[in-house]
Amino acid sequence: MASAHALASAAEARRTPVDATRVPRFAGPATFARLPELDDVGRADVAVLGVPFDAGTSYRPGARFGPQHVRASSKLLRPYNPVMGLAPFDVQQVADAGDIACNPFVIDEAVREIEAGARAVLDHAGRLITIGGDHTIALPLLRLAHDQRGPVAVLHFDAHLDTWDSYFGSPVTHGTPFRRASEEGLVDKTASIHVGVRGPLYSAVDLQDDAVLGFQVIGGHQLDDLGVAGALDQILRRVGTAPVYVSIDIDVLDPACAPGTGTPEPGGLTSRELLRLLRGLAGLDIVGADIVEVAPAYDHAELTGLAAAHAAYELLSVMAPQEPVS
Amino acid sequence: MASAHALASAAEARRTPVDATRVPRFAGPATFARLPELDDVGRADVAVLGVPFDAGTSYRPGARFGPQHVRASSKLLRPYNPVMGLAPFDVQQVADAGDIACNPFVIDEAVREIEAGARAVLDHAGRLITIGGDHTIALPLLRLAHDQRGPVAVLHFDAHLDTWDSYFGSPVTHGTPFRRASEEGLVDKTASIHVGVRGPLYSAVDLQDDAVLGFQVIGGHQLDDLGVAGALDQILRRVGTAPVYVSIDIDVLDPACAPGTGTPEPGGLTSRELLRLLRGLAGLDIVGADIVEVAPAYDHAELTGLAAAHAAYELLSVMAPQEPVS
Amino acid sequence: MASAHALASAAEARRTPVDATRVPRFAGPATFARLPELDDVGRADVAVLGVPFDAGTSYRPGARFGPQHVRASSKLLRPYNPVMGLAPFDVQQVADAGDIACNPFVIDEAVREIEAGARAVLDHAGRLITIGGDHTIALPLLRLAHDQRGPVAVLHFDAHLDTWDSYFGSPVTHGTPFRRASEEGLVDKTASIHVGVRGPLYSAVDLQDDAVLGFQVIGGHQLDDLGVAGALDQILRRVGTAPVYVSIDIDVLDPACAPGTGTPEPGGLTSRELLRLLRGLAGLDIVGADIVEVAPAYDHAELTGLAAAHAAYELLSVMAPQEPVS
Amino acid sequence: MASAHALASAAEARRTPVDATRVPRFAGPATFARLPELDDVGRADVAVLGVPFDAGTSYRPGARFGPQHVRASSKLLRPYNPVMGLAPFDVQQVADAGDIACNPFVIDEAVREIEAGARAVLDHAGRLITIGGDHTIALPLLRLAHDQRGPVAVLHFDAHLDTWDSYFGSPVTHGTPFRRASEEGLVDKTASIHVGVRGPLYSAVDLQDDAVLGFQVIGGHQLDDLGVAGALDQILRRVGTAPVYVSIDIDVLDPACAPGTGTPEPGGLTSRELLRLLRGLAGLDIVGADIVEVAPAYDHAELTGLAAAHAAYELLSVMAPQEPVS
Amino acid sequence: MASAHALASAAEARRTPVDATRVPRFAGPATFARLPELDDVGRADVAVLGVPFDAGTSYRPGARFGPQHVRASSKLLRPYNPVMGLAPFDVQQVADAGDIACNPFVIDEAVREIEAGARAVLDHAGRLITIGGDHTIALPLLRLAHDQRGPVAVLHFDAHLDTWDSYFGSPVTHGTPFRRASEEGLVDKTASIHVGVRGPLYSAVDLQDDAVLGFQVIGGHQLDDLGVAGALDQILRRVGTAPVYVSIDIDVLDPACAPGTGTPEPGGLTSRELLRLLRGLAGLDIVGADIVEVAPAYDHAELTGLAAAHAAYELLSVMAPQEPVS
Amino acid sequence: MASAHALASAAEARRTPVDATRVPRFAGPATFARLPELDDVGRADVAVLGVPFDAGTSYRPGARFGPQHVRASSKLLRPYNPVMGLAPFDVQQVADAGDIACNPFVIDEAVREIEAGARAVLDHAGRLITIGGDHTIALPLLRLAHDQRGPVAVLHFDAHLDTWDSYFGSPVTHGTPFRRASEEGLVDKTASIHVGVRGPLYSAVDLQDDAVLGFQVIGGHQLDDLGVAGALDQILRRVGTAPVYVSIDIDVLDPACAPGTGTPEPGGLTSRELLRLLRGLAGLDIVGADIVEVAPAYDHAELTGLAAAHAAYELLSVMAPQEPVS
């Protein structure tokens, strides 16, 4: 376990979340995990950024309210991650960069605005964890990742492939970001993988195309037999040392764990499985990450928001400098 | 009160809703009021048409699920309207024309498809009552109305003016249909009126523009003092004998009566007031009508769907041939 | 206003609800208004009796859970009715008689059991306020009322006439109690009245039959113009000095006020109107009363349960000895 | 994996669900999986049939709304089942046969009507997947299955045995279908099995009787240790080559996965387990199937409806001709 | 109507809410009405201040989440109030002062912290509109008001008197603030009034005590007959020219309009009535105001939050400089 | 399996729950599992006791409504536990002792009242299963347990350690009972263990302190790998033959299984796991037990209440005399 003393002193130079022993969790700022705003810290190692956009949604809309819901659901996050043995807000500066204001009606324009907006945040932050919004937003974020690092492995947690071609003539929607990204050369085709895919497809061709686009698949139905350890082993072998972009569609979880989403598919992961998988990513070269498709109007008691907030917390933990265990 | 005997014989030639004494209301077809489908009757006096489109929504989305929700909420409608003294499904053929399938991502294309789709239905129907969808759909429907009758009076029940100019550069959204319609010459500027408008505006200019575009306003806050009779009197004087298009945004109702909508405004009409206002429209030359902005994800116990279904029923009643009272 | 002193001394001999200043309202007994059980007091002036039966329901079922929901919603009732100027639990002994256990599958058997069960309670209570359950239960209760007093005026608050003839061959359902009662001679045809009826009917004949069965009608749509005072005047003139049975289908309220019910109809009464109408019944010769059709699965935040509990409280107040105002 | 080409050509002769790339999933028909109606295809290999009946329910009612809820929840089903390697709507004609209209008040009459109604559908369909309604409906459906094939194995997924004797004197309710069926000789006592049973019973005799009636039991609490593979092995050994009727009470799932049901029992299967178990039934001689006890008033965000719709989809897949994998 | 030109120029010097035509309402800051934070403007004419405290609640708790819920529900507020003819954020600087962090467990300590916290905000703001929190918070706020202006008229909108004496020995709870305030001499006993009181009381003495403490009462049941104009007339006559503190318990609204509250009472005001009453307060010498008892766990679709947000907006409008109508 | 005959005769002397074949489960008493009240049986082996107190809650309040919610959710519990092979209400007298009425505002006073109230119940009962209320109530209950048996092993199922020191200066809240208990010497430090702990902590010191206070930890994330059997093995080894107090915070379950709680943490146990763990406690020397933190306002379809009621049932089963299997 990491030295609490060392972490505490490291944190002294950092602005950390509001202290819950002085400001009750139901009071205080509406930022993610009650973190400082990026404007207030000037520069962050990791910025949490909202992208409230859902015009690319094909079924239940409402992920436009995802960022504020995930933030509201993140108030219970405490500073120390006991399984990882570190305090993710202490060992790196994390801050909330607010929301990108993008066009709610025209997908192409919004995609440009998201790319520009995220790029501007990256002037003040090392890396981003983006809270969607629908999955359309992964495309501009992968463009940015590519600009920084070249083709990146995509580690994609989702019930769906999201490599469909187009929908009603629109090439960029929440069902297509990884096809577009692969076509644009943003994706490392030797190191990308979907985890948790399940449910019916349009045809057998979907999977053939998907493989050509550079993805392996761990199906949701395989989790019982593989176990978390087996799935993690396959993920880590696939991703290897490539720079990796982690994209989490909250519908990778079973609808029981994440009812508040746009295209739910029964038979998914438990939140216990997802959080354990994410903890296993420590040591990967994570370029950036997103958590998308939280649609609060279908949520209950913040179930979905809590799952997303904790997923972000685990991502922040594995993106943190992993200190040697004392 | 109309002669029940005469109505019954008139109805013999017609296909009416499924009989609830033989098929329980929780069984049977999913059409509006369990009516026959338009395809099955060939031609209808009035067709009920779904337009599941909500890409023009600026706040809470989800009106794309409006048509199926209003139909599900319409199963309790019985055949005889005792206040009007007529049976609206007997004295005219009413049928459900299903949904227009339109582009869920690109507003302009959807608007063209709605206009084309509704025009095609009108080849088989005298008039339309359209179930939205968001208020964007009023624009193509007014274009059709204008094609049929020239400029029409717009009798608009809504919490909002919907004569704003543009939003994020998009000229056609759910906040702008009546400005666009007026600019295109579709609106009879001497006979149009908003009813139930309330809540804050962007500026005083909103009302000035609105007047120039041809609308009078009865504010929601005036209903207590005017009463239904006073409001109706003002409406009928304004509309006169002009052909009139009736557009009902369900948010004209107070959120207590219609929680399932996209931009709720406290202080609205009760459903009792709305239904009475609609009954008062008997005798007007109604060209067509819509009921929009039912967003089921925010509804509870079908409150909003029921209100919309009953509004449609009253519209069907006042659009029916008004037989002499025996 | 009644003398508080006199009421207090009168109450000394009585068992009253658990004192909320000693047992918080969220603790303590689950009886109506936290009253004593009938078994514990031996004899009551008025017994509140649950009849959890809903097999006569034609649409949304669930009124079987009505009694426990209304009791849970009654915990906030305090002892003194300031508008009536009396304390209904002080000036008469009120007790909770629990539930009648009746057959959940066979209507006829259940009706017999309800009649027998209620009769047994009347061995220990002067009068009953029955909490349903669906409206089927009014028939056996009217049989009892007739046994006690001969034909009674029926003062019926409801969105529906409930004088239909049969449904799927069943003559006794929640849509028919008052036809059966009238046919059986239980109803005083010169003094009975429906209040709040609205929404579509099967045909004009429904109203004709209803009149023959002995009912006047105040429609829900007439409330705005009549006002509470006007409606009350008509009710009191109709009922006169006849012994009267008061039957309240909670769907007399607008669905906004009572979403948790089986066949909701928009355009109904507000709870303010209903409570005022009930207060106006002081002085009538009330034989008994029921409050039915609370279906909790469709309720939210106890809206419907609260309305029913307060309606029961006002009934208890007008059934109480009306002491001279000091 | 099956040849997509072969499947595609096979499908040409068939009417398949409405194409979601041309009609958005929130538009279009309200049939199961947006399939054609049976009337429109004339004859189907498998018909999906609604039986909206719940008068046999002992606790939370509302399964009468099950068929329309499961249909509404089935709109996301796509045509190709990647785990099974086939397209169930292509390799066989599937159609929606609508609802049986049966008596909502009298169980015996309803049971006769369900048997007659289902028999009439079987004049136009090879096999049925029935959507309930409460579990009472399994009895008439087993009578039909017996008429076709003699005694059948019953593969019964449920939290409860449903072999109780009677309830309030009614021999046919949702807790008794398999006792009645066994007594009538409809059940192959050497090949029947319950899966997922859990929760308290009335007495130890329940299990003794159940064994005599011909059932083995896999308890819900055994799933962790058995695993899906172990449970499946036991199921397949028990059923063997007997013709089998598959009956799925949705309460076999944990309430977390299926809150919308009448008698929920904690400790149940996950939807991932259920779907995997169903996929393992490929190769069995399935005579027919039902999915019952979906009570939408207690559902949230269609969790229960989605689970039921996907269960039906997997049943359709295992009932389909299993083509050789290319 | 006020001169839009004059208002616009006046606003130039002020920081106003985020422009919804550039940042969608579902994006951007979480402040009330998307106003600037008080820290960012330095000094405000009116500060909106959250007090998330509910340890004084006797029934349904949860008002601790009130401030964040009302802020989330305030995003649709636009800048111009057409009924008042002014733009409340333009003609005065309004800012969000965030939340007071107070002890969630010990009432007395929390009350001291609220008084100190609000006093500190008043160093940077002319007046406060406080968002609760339960009604306990009115006591420290009235102490502040008294410090500023001496005894103040209390204009109290509520279903309850809130002048009870103590509860479980605690003299300061959400049921007692106005008794304590009157005893402390904070209340102008010649000018204070409750509006909307209804429902049962503990005894007739409650009203007698209340009168001695300095309050008149307009009962909820009187609203139909008085009308808004009549009630307003009585309010204005009572308050006169006294400095007045306006305290709005959201349960003054009918539960249909405000389900999300702790002690709901049927028979309340509509939101239309409340908003009109508030608009009628223009010209009063308003010292400060609060809106309390919004308990989001019991809200639906932000009904209660919207009502509270609009009430705050109308208060801001009547507290604004009332410019001469052009 | 135990002899049903022997159990039946043993039960003759006992008062058991109301028979569901004579009183439908939706009718009848509101006691836990429809058991008799303690007053009616005089003395019980185990009493189920409600403690509706939640003033020690740091985030979502509402556990004050826990006892009545768990009772309402317990109506489906039948008498025979087939996995344990016994009928827990037959082999021991179980009764419902009602609720302790304690101060809702002042924690210290409430804690004294809870201790006194529970002590009074123990005059008439052998052991207690207490239904909370928040986790604060474990402290007075452990004091009682210590009075009876000296230091006890604490077997604590929870997402949280609940050994924090203080919160806002209050030493006794729902986050601190086990630290206070350990400091007071109530806890057997050699035999106590937390099960299911997960989620972020304040710091690494939390775990260090917790160990010093006498607790081992099985983390929630370890359940997949340990399995129920492995966890149970560790629990039984830790507890050994010590007298043990079992404390179940319902948030030990995943929020999907128990949304209705105050501080939910994703990644928890399934109800299947929890019930199996509890069954494994047969043979332990259980002194008493509690089930806390059920907050109904956040529950859906009684998911959380059902889980709590079944947990209580399994506790009653393992606390029962374990008869030899025939």
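Note that the chains are named A, B, C, D, E and F in the order they appear, and that numbering of residues resets to 1 at the start of each chain.
Basically, a residue touches a chain if its C-beta (ideal position, glycine included) is under 8 Å from a C-beta of that chain, and two chains touch if they have at least 3 such contacts.
From a predicted model like this one, the values you see are computed outputs, not experimental measurements.
Student: Can you name the chains that touch subunit A as well as subunit C?
Tutor: Neighbours common to subunit A and subunit C are B, D, E, F.
Student: Which contact partners do subunit A and subunit E have in common?
Tutor: Touching subunit A as well as subunit E, we find B, F.
Student: Walk from subunit D over to subunit F along touching chains and report the minimum step count.
Tutor: Minimum number of steps from subunit D to subunit F: 1.
Student: Note whether the interface between subunit A and subunit D is symmetric in residue numbering, meaning over half of all numbers used appear on both sides, and answer same or different.
Tutor: At the contact between subunit A and subunit D, which are copies of one sequence, the residues are largely different (under half shared).
Student: Farthest from subunit C by Cα centre, which chain is it? Let me know.
Tutor: Between subunit C and the rest, the longest centre separation is with A.
Student: Give me the C-alpha superposition rotation for subunit A onto subunit B, in degrees, nearest 5.
Tutor: Superposing the C-alpha atoms of subunit A on subunit B needs a rotation of 180 degrees.
Student: With centres defined as the mean of C-alpha atoms, identify the chain lying farthest from subunit B.
Tutor: F
Student: Which pair wins on C-beta contacts, C-D or A-F?
Tutor: A-F is joined by more C-beta pairs in contact.
Student: Could you tell me the distance, in whole angstrom, between the mean C-alpha positions of subunit B and subunit E?
Tutor: 37
Student: Using mean CA coordinates as chain centres, what's the subunit D-subunit E distance in Å?
Tutor: 55
Student: Distance-wise, how many Å sit between the C-alpha centres of subunit C and subunit F, to the nearest whole number?
Tutor: Inter-chain centre distance comes to 40 Å.
Student: Would you please write down the residue numbers of subunit E that are in contact with two or more other chains?
Tutor: 24, 26, 58, 64-65, 104, 167-168, 254, 256, 270, 298, 300
Student: Kindly provide every pair of chains that touch.
Tutor: Listed in label order, the chain pairs in contact are A-B, A-D, A-E, A-F, B-C, B-D, B-E, C-D, C-E, C-F, D-F, E-F.
Student: Where on subunit E is subunit A touching in the complex?
Tutor: Contact set of subunit E toward subunit A: 22-24, 26-30, 50, 52, 64-65, 67-68, 71-72, 98-102, 104.
Student: Spell out the residues on subunit D that touch subunit F in their complex, using ranges where they run on.
Tutor: 58-59, 167-168, 199-207, 219-221, 223-225, 254-256, 259-260, 263-268, 270, 298-300
Student: What does subunit C use to touch subunit E in their complex?
Tutor: Touch list, subunit C to subunit E: 1-2, 4, 7-8, 20-21, 24-26, 75-83, 85, 87, 227-229, 254, 256-257, 270-273, 275-276, 279, 300-303, 306-307, 310, 313.
Student: Along subunit B, where are the residues that touch subunit A in the complex?
Tutor: 54-56, 58, 60-62, 64-65, 103-107, 109, 167-170, 173, 297-298
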